[in-house]
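Should a chain be cited, it is by its letter among A, B and C, assigned in written order, with residues numbered from 1 in that chain.
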């Protein structure tokens, strides 16, 4: 093939390409080196600020292994499934001994799940209502939309445990503070997701209901809600999973559920009771995740949720 | 009688509809024609206030429509039903619920939110569907229907509103010729049998000529023609459509023609 | 059929329509089911709120009101020790960064061990996955408490907590990304006669790298959020300042700190959005 003519100059394609390539590499190099320097600088700063130094790590790591060693249960095969002995106690090394407080844990886990469920239901109600006001294409008054979006941002921005801290002070120690804290945070998170779904909904049915003489509520109920309901359900289930995790830790500040027991056990004992509670919490969370994930996937294609 | 007194619509700096003054007597079937962007749709959507007029007045039986607010406005929208190009039905509801949604205005808050409809409403909706030959799909989910079926459902929804005026915004632009004919026949039947005023935006000249008592031609937001189909000469039509004339004419003869046999072959367009 | 008005619909008309289309008049079974499920939800809600002693909300309103007023009325702003506050925020960011970076590095290795297409030994793969489940199943703040017990109060415990929970999260997401890889591209590289190293470099890396970077950035964002509360259990960062001042009843300062944290988090979200755009273009993840 003949050489390419550009601007009247004869340049063969290879040398032209080489010029472009060198230019590109040079540009990229500058950007990459700058980014690398910034990254390294930030890393060094972070290490210094968080006092994450090798000597601290060196003294810390053995203690971690030591700690984990001490909280592991010492199970013995020959007595593993033994029941209570004459004195009414489980023999050391049996599962019964490890899970001496099993029923107490179970009651607390039950409370934890109920807290999450109640908070999720309340949050769904609030989030659905607010999402229609917050969505730009649905809002009845633009100023109300701005207000609702700011409110949701605030609810979402503050972690539930902080809300719980404040609410425990306001309404006293107990699960109510936890339920309210999780409700507020979940309302923010769900409200934002819901309003984004609303914003992606087709406005044609809304126009149709509007032309029929439907009120704003009817436009939302028939025009939008029917379109977004599967997504709402899927997000709500997903939020329930997260709320179960959250309600397991709000007890750290006294807001009910297994968290108080968890925090108490970890803070005051370093024996197998720690792993006993932790294992139960992990199991609960995992089982709920699995069930809810299955429900979500059967409800809506796998791809619609990241 | 629907009176327009200098009705205008302005979007930011562009004027979509320049002051329009005309009158539509009761029971007339009016076709509004013009090329896309001529302001037909805006004019129509101003009648039921889906687009808010920026100036002028609209009177229906002497009542000022442009000043209506809140419940009065919704009552007016209930009185003048609209059929859309894209049907604007609620796809995930079944057909009969879509049709019954035409009666939402008469519902209280609780019953409409819970989606409770009376047996009378259900029977009425079935009658309306039956009139359009769609009663057999009453329980299907709406978005499983074809375009022509959806438009007929939309007309049924409009009918259960018991409107006094029927607005149709390009009702056949998304349909194939056969369905277009069914839909236009239905609109004309409603006009003739029920005595409803029908105002219909149409892109194709031929349809307007065949179905309407009166044709209004719009160009760049101005009404440039207002008369009977007979008065609309080819020259006048060419003027309305301007650069799109060939398209509008040939489209009338091919794609959306309502005649059983095509008059010309598509190759004819290549010559131009 | 000709015109028919709504008011003219008689009982006979209804009966006739019902006879022709009985299902159009509502399925009593479905209606009952619907009503029952709504009733169940409402009854549960009322019962559970009673169980959680919702009444306390009313009796606590004075206390809550006092708390609210003290949060919005800011007093003695000169004595708020701003340096400590901003040092705490900086420490939170630093903890999140170091923790996420360590989590990313370790997750890279674990992800290939947990992905079906890169780890053929099923038993080992499942063991790795269960381990990751444990890392993820325990909340970050619980890890924080555990590490505080193990290595003492301070940011080291926080970094370790972020490290371990990010490692669990990222390794799972990375392994999913590896499993979702487009095999055709890998085959294309293999067809050029490339060795294993080159197959990974040109077949796998270009596909997974943008996803990995994006996931790690998301992880950094969420770690900054969660790192703010790690201090509540003594694992360093701004949370320690929040809880100290809350316990001391300095509610106005707590409100100020929380507002600052919200702003910082918003800035970080914005910044990482920019970086994400630069590395992986507009398509996001």
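One rule holds for everything that comes next: contacts are C-beta pairs under 8 Å (C-beta built on N, C-alpha and C of every residue); 3 or more make two chains touch, one makes a residue touch a chain.
Just so it is clear, the structure is predicted and the values come from calculations on it, not from any experiment.
Novice: How are the chains arranged in terms of who touches whom: line, ring, star, complete or other?
Specialist: complete
Novice: Taking each chain's centre as the mean of its C-alpha atoms, give the chain farthest from subunit A.
Specialist: So the farthest one, by centre of C-alpha atoms, is B.
Novice: Have a look at A-C versus A-B and report the one with more C-beta pairs in contact.
Specialist: A-C
Novice: Rounded to a whole Å, what is the gap between the Cα centroids of subunit A and subunit B?
Specialist: Distance between chain centres: 49 Å.
Novice: Can you check how far apart subunit A and subunit C are, centre to centre, with Cα atoms defining each centre and the answer in Å?
Specialist: That gives a centre separation of 2 Å.
Novice: Considering only the defined contacts, which subunit B positions touch subunit A in the complex?
Specialist: Per the touch definition, subunit B meets subunit A at residues 48, 50, 74-79, 81-82, 84, 86-93, 101-102, 104-105, 107, 109, 112-113, 115, 154, 157, 161.
Novice: What part of subunit A is in contact with subunit C in the complex they form?
Specialist: Listed in rising order, the residues of subunit A that touch subunit C are 42-43, 45-52, 56-57, 60, 63-64, 66-68, 114-115, 117-118, 121-122, 154, 157-159, 161-162, 165-166, 169-172, 174-176, 179-180, 245-246, 248-249, 252-253, 256, 262-263, 266-267, 270, 274, 278, 281-282, 285-286, 306.
Novice: Applying the document's contact rule, which stretches of subunit B touch subunit C when the two form their complex?
Specialist: Subunit B reaches subunit C through residues 96, 103, 119-127, 130-131, 135, 138-139, 160, 162, 193-194.
Novice: Once bound in the complex, which stretches of subunit C touch subunit A?
Specialist: Checking each residue of subunit C against subunit A gives 41, 44-45, 48-49, 51-54, 56-57, 60, 63-64, 67, 90-91, 93-95, 97-98, 101, 133-134, 137-139, 141-142, 145-147, 149-151, 154-156, 158-160, 225-226, 228-229, 232-233, 236, 242-243, 246, 258, 262, 265-266, 285.
Novice: Which positions of subunit C touch subunit B when the two form their complex?
Specialist: Listed in rising order, the residues of subunit C that touch subunit B are 1-6, 9, 13-14, 16-18, 20-21, 23-26.
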